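What follows is a set of structures to go through.
The same chain A turns up in both complexes below, where it pairs with chain B and then with chain C.
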Partner chain A sequence: MPAAKAAASIRRIAWRLRPVFLFAALVALPYLLSYSQQEIAVLLVVNVLLVSSYRLLTLTGEWSLGHVVIMGVGAYASALLAKQFGVPVPLSMLIGGGMAAATAAILSFPLFRMKGFYFLIGSFAAGEIIRLIWKRFTDPFGGPKGLKRIDPFPDIETGFLSIDFYEPVNYYFLALAVVSASLFVLYRIERSRIGLTFHAIHWQDRLAESVGVDTFRYRALAFVIASFFAGIAGGLYAHYVGAVNPTRFSVDQMVYVLVWAIVGGTATFHGPILGVVVLTVINEIVLRALGLDTARPLIYGAILILSVLYLPNGLESLGPRLQALWRRRRGGPAATGREPA
Partner chain B sequence: MNAHGDRPILEARGLTRRFGGLVAVDNFSFSVHEGAIHGLIGPNGAGKTTTFNVISGFYAPTAGQVFFRGLDISGRKTSALAAMGLVRTFQGSTLFQEFSVLDNVRVGRHLGARAGFLSRLIGTDRASEREADDKARETLAFFGLEELADEPVSNLPHGHQRMLGMAVALAAEPKVLLLDEPFTGMNPEETRRMMALVRRIRDRGVTVMLVEHDMQAVMNLCDTITVMNFGALLVEGAPEAVRNDPAVIEAYLGSATGNGAGDAA
Partner chain C sequence: MDLLWQTAVNATYAASYMALIAVGLVMIFGVMGVINFAHGELYMVGAYCVVFLYAQENFPFLLAVAAGLVFVGIVGIVMERTMFRPLRDNPLGGLIASIGFLLILQTLAVFGFGRRMGHVPPSTQGKLEMFGAILTYQRLFVIVAAILLLAALWAFLRRSKFGRALRACAQDTEAASLQGISLNRTARVAMFIGAGLAGVAGALTAPLVSPTPYIGHSIIVTAFIIIIVGGVGSLEGAVIAAVLYAFVHTFVTTFFDGVVANIVGLALMLSVLVIRPTGLFGARERA
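Up next is the complex of A and B:
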């Protein structure tokens, strides 16, 4: 009995220390990876922000097909500000996020006249228009070839500290810090009354409107916040990879975001993060090892279909399900063990 | 007899709403006095719900005006009307079904719980949120639902869901409350309790206008009744007068049947 009690309290302490373990794992991660895997880890961190910001928009019940293009707005804006106007890179990223948010604010007026499927199609059309602008206007957007030799994140050089952000490990930590801070803000928004109002609009927009919620303004607010963080993700991407082009932000890429969100599940904050991490690991480690990485769309499609059929609430529902199964398994013997006492 | 104010708090003048060729509301006028319980009745398809939707801002009127406390509010947004103190409920159990009972009423406190974006983010909205919470619980207590605060709405029986719908609206602190068929689907006991609640809401200083099919409830509850037929005003007056009005009886029963029955007798 004491042994069991001790085991239980250890488990409880371990549960409490989850954030510490997570932090340690995230810090240790790049040192366990090869150089090319480190590069993938950087992009994964950026994608975590992309899909998490997307989830904030879906809280109001609207699914957009333009989110990756909005990320591109942030990427293009930050790259151009740095290249053409010499704006220092961290600041250009912030302004890039602001430009993405401003684009969303303007698009709100036509788009939120629509709901559901119509909004989906409308957002797709709006995204394509933005992409056509990038393609058509070689000056300043570089046309179909896009922008190259985008200024990298400036190195930090002080007497005793020198950080070169060309190194994926260093950029990984930079992205991790920016994305963690962004996720914290997104989380706080969701847990506040603003989040409650977003959910309310999703489930009964007429009722919400009748007690004074300006549903248009709140839908637009969700869109603007989500777009700001997508723009930040775009900036992180642009100054790491050093090149952007219209194809990088095409609807194919949007489909991946949808698959991450759907396979992960959008009911909880961590669902989409789980989706992007698991699918990236499957993609980069399993498929690459098997030499199947060119079959990525095919396999993503299969995973999407399988998860919709067998795990309709996403990967996020897998934990509670396994827990319930585990408890039932252990419930049997434990109950019989208690009987003699 | 009752101490009603003389100036109408809610008034429609020549209200018209067309859907393509169909005239759902046709040059319809009425006035609701402050502190009254005002019934809007009429046979099916008379345009009662459309009238409600126009008053509450879901549809803009094709012609005519709606005045609230002397102000022309025609075509304003529903949320703006709620901020002015004109709040409606919905037919059936239109609620945030996925929320707890308390969270439903907390959404109803939307206008009362103001805070800036940044203060929401860093959590300095705690004081206003606690106040919203208290007000929400107080509203639940008024309806006798405080024990169910943490239940998911989907666990509530129909009668309680209807009361919760009213609680959500009342949490927005309306001056005029529009009730859309508050007694539909209720048994006589539930209807009796709901009627008592509507009276108590009125006694708190809220003017009530309701659309309802339960004739007995309307006759017992309302101070004034407006009868609509084919989108237009038929009669307006006290319950006794309306009950005995030949035009009203004809609208509900039809004249041909009435004559036939008279001949047989």
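Up next is the complex of A and C:
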């Protein structure tokens, strides 16, 4: 059957070209959206980095409730550096990420004496303390009102090229570039020896220790790396929105990160990204179109409960499950179900 | 001196409702092994029972409080049946599901009563004066109710057969079920009591705090601090820690300010976690 053969090879080529399609879709995306949707797209890209960095931490089996506060450390640090000391913005974002990582390094000494539930609560307490300090000390943190008029990302002005980052489309591409680079690094870390050690600590911490792995150091390392990228996400957020305040980094926001990660599924790299993208689309487009603004937390809550009960491995497990169902319907394993990668 | 006395009286009041909330949380954790993140929202629902029945429909205050206890207890049973029972082998899943439930309760409260503070008129105007400190009957009522309820709970757990079954479940679920104790029944009762205590605390304090749909957040933070300091799973520890925390928090609030008091409370919890993770009074550790 030459026709079937040709179809199969076209499908195989299409499968190989996935990254190209993805890239084209991401580039085309902002031009298909309205202005306010472009702004949402920028925040979505920032949130992708936030939730992916959170996943790196969960690789070691620890669930933190302080990740959004760590993002806030990056945001506050970068904003203050730019405002008070006139540090140029791209550099201040990097230092902000460094400050977030340093905060995590200091916190890892008390926090990694704990595990499981105690770590969860301990990270929550540590995060709340940081957040209350922002709230209490008006100088330099601005108190409950936070920081306003944060310097925007500088415009690029060369002879023939001028980019104004006040435009959401342009900031979208900036964020996309930073986040893609960060995701690449996160992905490489996970596939490296270090990443494998994180997995080992999660599933077999005693065994890992017995072969000479310093579990404290690796847990702390995961925490520091994850916090660096959360800090970068914070910097991207602060210089786009132009204002930060303690409420923006409260535990309510952390709940959303948790929901994205869990609904998407944390077993694979793309799971949490899938979660944040799908839920943001539902939240911002479907619910907004239906005019259900006040009901949004209720629907989020219901989605969370239902996914914990019926989809414990997240949205990422939905694809293979549907595929298995499909094959059973057609009777016997079908060879065309999935191309080898 | 007067200020000192007054602060001590205020702290006693704070300790009594905090103890009710924390003991409820410990009950739920002890029997089911689930940290109920929605506990603060159960308090909020109890407070709104009083807003609705007492402030809006003019039922007697005591009746509204009793209704708050029973209604929130039933909400607890619903949570047990729909979420915690199917997720029994998955403590993290139970916690996550309770976060989802918290969002649902908050939204329902916003739908029913709006975002603004609910106003509840005091049920009595009387007050007690001693050593220059003033204790309103409204607050005294909370203190007395807390002592009575906790004493009744203590008697139930120590003296009755079912109470012993509950404690057995908290100590070792598997051994208890081998003895023929029904896990589903004990979980249901523990959830009713635990949720009901949070609800009654909310109902009793509704005239004193002006409830909002988002009041649960500060309640759950307080409750976490208390159960960590007291030792997770220890009812007596929870009561003692509630007294300790209420005094520290009230005095720091009076002599510094509220935000500093919150920071001190969280730092207290963090240091207990670092130095003695099983809490000041907790004996055993539970994963």
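The rule is short, and it goes like this: the second predicted complex is superposed on the first by the 328 of 341 C-alpha atoms of A that agree within 3 Å, B and C clash if a C-alpha of one lies under 4 Å from a C-alpha of the other, contacts with A are read in each partner's own complex, and residues count from 1 in each chain.
As a working rule, a residue touches a chain if its C-beta (ideal position, glycine included) is under 8 Å from a C-beta of that chain, and two chains touch if they have at least 3 such contacts.
Remember, predicted model here, so these are calculated numbers, not experimental data.
Which of the two partners, first being chain B and second being chain C, lies in contact with A:295: first, second, both, or neither?
second
Just checking: does A:213 make contact with chain B only, chain C only, both, or neither of them? Give me first, second, both or neither.
First partner only.
Between chain B and chain C, whom does A:20 touch in the aligned arrangement: first, second, both, or neither?
It touches nothing on chain B or chain C.
Can A:133 be said to touch chain B (first), chain C (second), both, or neither?
second
Please work out whether A:188 is in contact with chain B alone, chain C alone, both, or neither, and reply first, second, both or neither.
The first partner, chain B, only.
Among the partners chain B and chain C, which is in contact with a greater number of residues of chain A?
Of chain B and chain C, more residues of chain A lie in contact with C.
Would you sort A:203 into first (chain B), second (chain C), both or neither based on which partner it touches?
first
Under the stated touch criterion, which partner chain does A:4 make contact with: chain B (first), chain C (second), both, or neither?
neither
Mind pulling up the chain B residues that touch chain A in the complex?
Going by the criterion above, the answer is residues 56, 58, 77-80, 82-83, 87-90, 94-99, 103, 106-108, 110-111, 113, 115, 117, 120-123, 125, 129, 132, 168-169, 171-172.
Give the list of chain A residues in touch with chain C in this complex.
Touching chain C from chain A are residues 63, 110, 113-114, 116-118, 120-122, 124-126, 128-129, 132-133, 135-136, 251-252, 255, 258-259, 262, 294-298, 300-305, 308-309, 312.
So in the complex, the part of chain A that touches chain B is made up of which residues?
Per the touch definition, chain A meets chain B at residues 185, 188-189, 192-194, 196-197, 199-200, 203-204, 206-215.
Show me the residue ranges of chain C that touch chain A in the complex, using the header's touch definition.
Touch list, chain C to chain A: 35, 82-83, 86-87, 90-93, 95-97, 99-104, 106-108, 110-111, 217, 221, 224-225, 228, 232, 257, 259-260, 262-263, 266-267, 269-270, 273-274, 277, 287.
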